[in-house]
Structures are given as structure tokens and as C-alpha cells.
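The structure follows.
Per-chain numbering from 1; labels A, B, C and D assigned in written order.
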Amino acid sequence: MATIGFIGLGNMGGPMAINLVKAGHTVKAFDLSAEAVAKVVSEGGVTAQSAKDAVTDADFVVSMLPAGKHVQGLFVSGDDPLFEHVKKDVLIIDSSTIDAATVQNVAAAAEARGIGFIDAPVSGGVGGAKAGTLAFMVGASDEQFAKAKPILECMGKNIFHAGSHGAGQVAKACNNMLLAVLMTGTSEALNMGVKNGLDPAVLSEIMKQSSGNNWALQVYNPFPGVMEGVPSSNDYQGGFQVDLMFKDLGLAMEMSQLSASPTPMGSQARALFNLHKVNGNGGLDFSSVLKLYQDQ
Amino acid sequence: MATIGFIGLGNMGGPMAINLVKAGHTVKAFDLSAEAVAKVVSEGGVTAQSAKDAVTDADFVVSMLPAGKHVQGLFVSGDDPLFEHVKKDVLIIDSSTIDAATVQNVAAAAEARGIGFIDAPVSGGVGGAKAGTLAFMVGASDEQFAKAKPILECMGKNIFHAGSHGAGQVAKACNNMLLAVLMTGTSEALNMGVKNGLDPAVLSEIMKQSSGNNWALQVYNPFPGVMEGVPSSNDYQGGFQVDLMFKDLGLAMEMSQLSASPTPMGSQARALFNLHKVNGNGGLDFSSVLKLYQDQ
Amino acid sequence: MATIGFIGLGNMGGPMAINLVKAGHTVKAFDLSAEAVAKVVSEGGVTAQSAKDAVTDADFVVSMLPAGKHVQGLFVSGDDPLFEHVKKDVLIIDSSTIDAATVQNVAAAAEARGIGFIDAPVSGGVGGAKAGTLAFMVGASDEQFAKAKPILECMGKNIFHAGSHGAGQVAKACNNMLLAVLMTGTSEALNMGVKNGLDPAVLSEIMKQSSGNNWALQVYNPFPGVMEGVPSSNDYQGGFQVDLMFKDLGLAMEMSQLSASPTPMGSQARALFNLHKVNGNGGLDFSSVLKLYQDQ
Amino acid sequence: MATIGFIGLGNMGGPMAINLVKAGHTVKAFDLSAEAVAKVVSEGGVTAQSAKDAVTDADFVVSMLPAGKHVQGLFVSGDDPLFEHVKKDVLIIDSSTIDAATVQNVAAAAEARGIGFIDAPVSGGVGGAKAGTLAFMVGASDEQFAKAKPILECMGKNIFHAGSHGAGQVAKACNNMLLAVLMTGTSEALNMGVKNGLDPAVLSEIMKQSSGNNWALQVYNPFPGVMEGVPSSNDYQGGFQVDLMFKDLGLAMEMSQLSASPTPMGSQARALFNLHKVNGNGGLDFSSVLKLYQDQ
């Protein structure tokens, strides 16, 4: 069993840390919110007084932060960078969803100090975080991946080795951009079919068994009433918020711009989620984008 | 066993007619090309001298024509409309991919004469036509659907009852529009990933097991070398041509316009296939749209 | 002074016919609405009892109809086609906005009978129709154009010879597609500027004097309060309705499809006007598309 | 006459500095390229040995740098930030095209030190820089704008006060995004018209006199042969490169993302310029995007 410093205990990070506790690890938990720390401690975690305190004796560090600048600041360029305080043989696993360029900068800075730093963004949402069924997309050397895998398996089901440093972020950006395309495309096909007289459940079934088959039709149908237990059948509550999808699409566009990779479909999806967001739907599940298409 | 008049024996219609022959039906085959007729006759079909000859004694008529005006002209408004020559209890199954409005007009004209006319466009391509594994999307009454089903099962595997007259065309237009969205979206995600250093097979596998999962990743990967036996691994030969996808997207846009159903993603896909087509790729398989994204 | 049969006296056709009357021509006016006829007669026009009555002795015929099928039916393929009743040396000027293919069919049928038929769709809206300041985009031979010009100048200011038959429709479809692009693009630039703290009038002025300069900034600013006397400063009442722009964009898409001309920007504009229309804004002036972008 | 430190003497900065020299100012010129400095010195400028040397005694500083990080680094956060070396009453005019957020950060840092820092990005290209006819879009207080104006008038013709700090960048991003929309929209309308038989010059003239009127039709027609003296009539050499337009659209997208301002048309234009760029056209004038639409 390892000692793990965990920094960032929000909606995702909190349940992830608890799953590490449940697996028997010693988890030193830190967050700016004392309440968030308390939750993990109540499940058996250890209170860390500071980020530094969380990482000092840790074999592994897991971080879950909002944006690239926080990761950069925390480890490298802030007032008291953690790279100065970690053990030499630590492996830092950053599960934040951030831009690949920052990951590569931070990983290079780590390597220069002989520290291991890998990117391992997740997909699967709050539900997956609680259930321990997240997917991790990992950017790491083979050796680092092998070392991280048992830790990640305490929190997730599918652990993918996407490539070297930054590759986890690239894979996630590509996947989520594609997901946005699937959801908008499926919503628009269903809406056109229904507006032309078809039953949404019948059309969903036909397309699912044909070449229109995709994740949205399989497990996340955006049309209310077609599928049970999904956000569309619960007023689009819960799930993966429009605001978060919009953030992820922003990262995908940044990647598109930096690498001059054309993304006409992803750009279109971003524009549609933006239109949906300015209609006041940022807090709804992202499958609510169907409403953008419907007659008001 | 039934007597079936079959009109239109092209790349799709020919193999479909032959499958009816193989199932034991008497197939009276007509096409403007004598060669096309001869092929069906060589498998046991009967030569019809004219469209009229093909349908006169038929219990069922199957038609496979290029566009709505041909269907309208052949049955209703041409020089010698077939509605004047068919038996009262015939069931006409039109498998052409045409606009739903024409279907509804022709079906109404049929009903006024007491004739049964249903739409049953297919998906599955030339391969599916030969193998008898097509999907049929049927617009018909319950009774008509029940009557047509055994005939359609000689030619296909999945026989969907989409709704009343025209609903088969609506379902196909929605499905193929969604397919175009999946293929362009998948191509663009793969291209961006590869341009950022990922292996196309690794990224394909990650997205297939994640929320980017869709038909293209499952059975029709557009990136050369990732999947065997698909057009992308055969210089984009065979399969479903860009020109045909462009035609189908035109039908989807017409439906969008007539019903004022917003289709930003489908419109985008149509524009991309158009750009790909003007680059001289109309005759390639539609998964070749990946090339539009790649550095030349 | 000529005898002119005028068919179709709606919002556009009515004032156009009246301007012909005012110029001193004998105008035999026909419309399915007796009220519409009465209005023209009250200004000095002559009541025609039927379309046939309107055209029988006419030197010129002007038609203003909703769609291609009406033009085709009225002149060529209806129950009592007008081509059977017009004088040999008549010149028929169709000012309807329809598809170029129908124009070319009807013009060919006319030519076969030795009759002159040209397309002359207009731009300039109801205001331009009343003021006699319409622009006409004419598809005609040089001789036909020369003959039509004095008649058109009674109703408009700019009379363009776009090319041979159908070219008027092509020019109008291209222009209006571009107009839709200008209006959506201008709205979105203004909205982004304002959301980032700029004054809409200041930003409008800067872009008008820079490379963003276009018709919308010059005479039809979509931002309320920037410009006087335009629909945006009158709750988007009057002007050119969203529904009509959506119709015109449908014609442009049909042209794009038939000629395989890529229209990613025009397709995008159509999708945006469609989204705006399903929000219940079909009856507003098209510059109201700005509202689609704004926080609700 | 003032002493002006000028940093960044590239294609744009070089001619701008020379115009300040010609107006009689003392220009202390610095660039990493000694050759670039020599050119300005040969016109009467003064060699600065370093950026620090250029600004130490300056009444004004003008900077023209590639990206936000360079501006941030040079003035605030680099090894030897210029804010430590400038005179108290200096006015720093940054003419770089960068993101508004960086401008606001740097301006705030300046204000905290009692230094004046304003953004004044330009439009008008290399030609405008040489001729002294640039447009400046300025983000500044009223007082700062009044102080900067005489200096800017040595280099440009239209000096716009867009608003407070950062507003110059916002105005430029909005304008150039709209310009990209105008150019792609105009190219696509012209291409469709020509593909349907119209003469590009005739169609250009019609749209210019109608509601399709815009800057591209007025002074920068993208169709070869329609207009003299523009890049399209010179194999798309010179002018404003595709690569630069792509950079500016990236800045616009970043602004869209940060402010959640929907930009479906601007996003589309970015995607089209990206497709055009991966075809190997990054070094051509941006009006060459017409080629993307044309049959190859």
C-alpha cells in the first residue's frame, strides 16, 4: 500500500480520493475547501494542512485542478512549487483536463529534476468517479504507465496508454470533441425525424442498428422518454454539464489552432453549445442541446 | 412463392432481384439495359420486355430508381403509368432513395386507385445487396408491412417499420445524415490526434471504448491501416461513393428545408463532402473524406 | 405606352403594378385576391377576370409568383397554359424568385413556341417596390434585355443584365446568400465586441471604415439603436422577413446541390436562420438574427 | 518632437518606425535582427543596443511583437522587465496583435507603477505600413488617446478610439473575424455564380451594387482578372497571408471562448482557412481561399 498525496477534492477529485482510501492506500488529502477535505477524512483519509504537506512523504501524487495555469503554478512556477518538496522517486499523476502544451512544459521541468510527472485525464463524469469506473487516458513512458496503472485501477475501469507526455490530454480532447459531434448530430437527426412524423424511439432503434450507431444512441439518448435513467428523462439534470463540454471544446479548439488541424465539425459543435449556453442552459446536461433544435 | 416484377437492375437492384430468384420467387426483370436484365435471367429470372410487362401479373412489384421524378413518372404521370396496369391486390415496394414528399404523393395516388404502394429504401451498399444483408426502412401501414416483410427478408437482414408512407425515406435521410456527421467527425478527431503525435490505432481504440464510440470506429475506420478489409485500407476503392453520400445529403437538406428542421451539423457535413468532391474524389469511398483534413 | 398583363399582386407585385400604371401603361391586373386587384384598379389599373384575360392582348406580361411550380403551371403545364393565349411578339418578364432550372425549362418551352420569356427577380423589398427603386437581375438575350429595360425602369432603379435565361435567378441566389452571410457575420462580430465591453456604435463605425465594411454596417445595422429608420430600431418590424430569407437560402442550397458548388458559409447562414426561425422569429426582419447570439 | 523607443522592426514595425523618423522624431530602434535595425538607421533612426537602451530616455515606446507572451515577458515578467527602466511619464503604445486579456494584465501592471500602457493594433498590412495609411484601433483612456494620437498619425490615417485598455484588440479581433467571413462568403458566392454560367465581373458588379456589397467586392476581389492591382490578379502574391489570417482567427476564437460569445460564422471561416492552409497555401494572400471552392 502506498502513501498518496491528493490535491483537488471537487466533484470529481473527492470521490476519486475516497476510492483510493477504500483500496487501502494512505491518502493525504488537500483542498482549499476544508469541507471537501473533511469528506475524504470521514472515509478514512488523512488531513493535509497544505499542498506541501500532502506531497512531502508521498509515493504518488494525484492532482485534479481546473486549468493549466493552476497545474503550472502548483508544481513549477508558483510561490512555493511542489517540485521542490516531493520525494525523488515520486510519480505525479495529473488528472486535470488541461492543454497538452502545459503538460509537456511541466513534464519537461519535472524530468529536469528527475521527477516523474504524467497526464491522466479522465472521462466518465461524477457517476464514474463515485463508482470507480472512470476511463483514464494516460500520457507517460512505458515504465511510468506500468507504475501508475495499479493506482489508477483503484479509481477507474479502462486505463488507456495514449502515448508519451501530453498524449492523455490529446486523446481526451479528441474524444470529447467527437462526443460533442455525436451528440449534436444525433439530436439533429432525431429532431428532423420527429418533425417529419417519426416516433423518436423507433427512429433511435433504426439508427442504432444501422450506420448511424453511436454512443449517444447506445447509452445516452438525448430525446426525453426514449431511454430510462439518462439525463434526458430527468429534465437534463445531472450528467455532464453544457458548461464543461464548452470548456473541453475550447481546449480542443486551442489544440486545433496550435497544430493547424482543421476541425470544421468540432468548431460547429462548439458554436452550437455556445448558442445553447447563452440561452441559459449552461447548467444542464449536455444532451439538452436537443432543445436548441426544437420549436420553442 | 410469388410473382414479382422488378424494375431497375443497377448495382443495387440487380443483386436484390437475384436474391429474390434464389428464394424461389418468379422474378420478371426489367431494366433499360438489356445486359442488366440478362444477368438476372442467367440466375433464373424472367425477361420482361417492358416495365408494363414486368408488372402486369405481379403479386409484388419492387422498384429501384435513381430519383423521385422517375418514380413519379413510372407509376403515375408518365406516358403509360404502371398504376393503370397492375393487379388490384398488388403491393408495390419502392426501394429507391428519394424525397419523402414524392413518396407521399405517389402513395396517395395509389390509395385513390386501391393499390398498395410503400417506400422501403435500403442501407448496406452493394456488398449488402449481394449478401442479402441489407437493412430496409419501411414506410407502410401495419398490414402492408406484414405483407412485404417476407419478401424483404429475401433481400435483407434488418427490416424496420419506420412508420406510415414516406417514413422509410425520412428514416433513411436521418440515418445517412447522421452517418455523414459520424464519418467527418471521426476523421477530424483522428487527424487531430495523429497530428499531435498519437498512433491512429491507439486513438481509435481509446475512442471506441469511450464516449466517442460510433459506427465508423467499429466497422469502417477511415484511417488507412487501422482496420483490415475496409475501403480505407484499399485506397478508398469500393464501398459507398462520395457522390452517393452527397446525393443523400442533398435529400436530407431538402427535408430540412421543407420541414424547417435545423441541421447545422448535416449542413456542415454536406459542405465538407462537396469540398472533397470538387477535389476530384467523387468516385472514392466516402471514408476518404479523411484526406480533406490531411496536409497535402 | 404598352399594354401589360400583370399576374400576382401581393406585397411586392401590387406596388410594382401600380408603378407601371403611374408610368402611363395600360395594366391588366390579375390576382386570386379580388382585394389585391381592386387596389391596383383604384390607382388606374384594369381588372382582368382571369390570368388568360390579363395576357391575351398584352405586349408585356409581368408575373410575380411564390414558387417555381406556380410559374411552370401557369405558363406551360397547367390546365390552361398561358403560352397558348399570349400574342406571338409578347415579352414575358417573370419577376418571381424561383429556381434557375425551372426558368430554363420554361424559357426553352417559350422559345419552342417563338415566345419571349425572361427572368427578372428583384431585390429591395416592399419599400423598394413602393418607391420604384428595386434592383432587377435579368436573365435574357441582349435583344430581350433591351426591350424589357424601359418597362423595368418604371419599377426599379438598377437594372442588371446578369446573363442568359436563368442568370437572373443565379445572380439573386448568390447575392442573397452573400447577404445572409454578411448579416450573420456582422451580428456575431458586433455581439462579441459588445460582450467584451465595446460600444456597438463605436465598433460599427470602426469596422465600417475598415476591412469589415459591408452593406449591413452601411445601411442596415442589426444592433438596436445604432442606426435610425432601420428594422433593428423598430423591434425588427417591417423589412425583409426571416421566413423569406430562409426560403431564398433554400433556393441557394438547391443551386449548390445541383451544381455541386461548395457553400459552407451559406449553409451555415441557412442553419442559423433556421435556428432563429424555430425560436418563433420567422415574421421578424432578418436582421433580428442578432438576437440568436445574445444572452437570453 | 519626441524621443521614441521602437521595439520590433519586422515587415510591419520596420516601415512604421521609418515613418516616425520621417516625421522628425528621434527613433531609438531595437530588434533581435541587426539587419532590421540597420534599415531603420539608414533612414535616420538611432541604433539601440538593447530593448532597455531603446526605452530608457523615451517619451514614447512603440512595440510590435508576435504574441502576448512576448509583450508580457518584455514589459512585466521577463528577466529584465522594461517597466523597471522606462521614464515615469512615458506612454507605451503596443501595436502588436495579441489577446485582450494579456493587454489588460499588462496595462494593470503598468498602472500600478504609474506608467501609461495602451493597445493600438493596426490594420492595413505591409502596404499600409509603408504608405503611412494604417488604421489604428486604440484601447486607452481619453487622455492617453489624446496623447498618442499625434504619434499614431505619423504612421496611419484612421486612428480609432475603441474604448478602454484592451478595446483595441477586441475591435481588431471583431473586424478581422468579420473580414474572414466577408472573404469566404464572397468567394463562395462568386464561385457558385460562375459555376452556374455567370461572368465573375458581371456578378461582382451586381452584388456590389446590391445588398451583397462588401469590402472584398469593393477593393479586394478574390476572383482573378476582375480587379487590377489586387493579389488575386497577381497569383495571390503579396497582401495579407493566409497564415496571418489564421492566427487572427485563433485570437478571435480565444475571445469567443473566454467571453462565451457564439461565433458560428467566424468558426466556420477559421475552419475553411485551416483547410486551405493544409493544402499548402499558408503563404498566399488570404483572398486565395477562393481556390478552396474551385474544381481541382
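In this text, a contact is a pair of C-beta atoms (placed from the backbone, for glycine too) under 8 Å apart; a residue touches a chain by one contact, two chains touch by 3 or more.
From a predicted model like this one, the values you see are computed outputs, not experimental measurements.
S.K.: Can you give me the shortest step count from chain A to chain D, moving only between touching chains?
M.R.: Graph distance in the chain contact network comes out at 1.
S.K.: Find the chain most remote from chain B, comparing centres computed as mean CA coordinates.
M.R.: D
S.K.: I'd like to verify one number: the distance from the centre of chain A to the centre of chain B, where each centre is the average of its C-alpha atoms, in whole angstrom.
M.R.: 39
S.K.: When the C-alpha atoms of chain B and chain D are each averaged to a single point, how far apart are the two points in Å?
M.R.: A distance of 51 Å separates the two centres.
S.K.: Quick check: what residues of chain D touch more than one other chain, meaning two or more?
M.R.: 256, 260-264, 268, 271-272, 275, 278, 292-293
S.K.: Could you pull out which chain B residues touch chain D in their complex?
M.R.: Per the touch definition, chain B meets chain D at residues 264, 268, 275, 278-280, 292-296.
S.K.: Which chain D residues qualify as touching chain A in the complex?
M.R.: Listed in rising order, the residues of chain D that touch chain A are 246, 250, 253-254, 256-257, 260-264, 267-268, 270-272, 274-275, 277-278.
S.K.: For chain D, which residues are in contact with chain C within the complex?
M.R.: 100, 123, 135, 137, 158, 160-164, 166-167, 170-171, 173-179, 181-182, 184-186, 188-193, 195-199, 202-203, 205-207, 209-215, 218, 220, 252, 255-256, 259-266, 268-269, 271-272, 292-293
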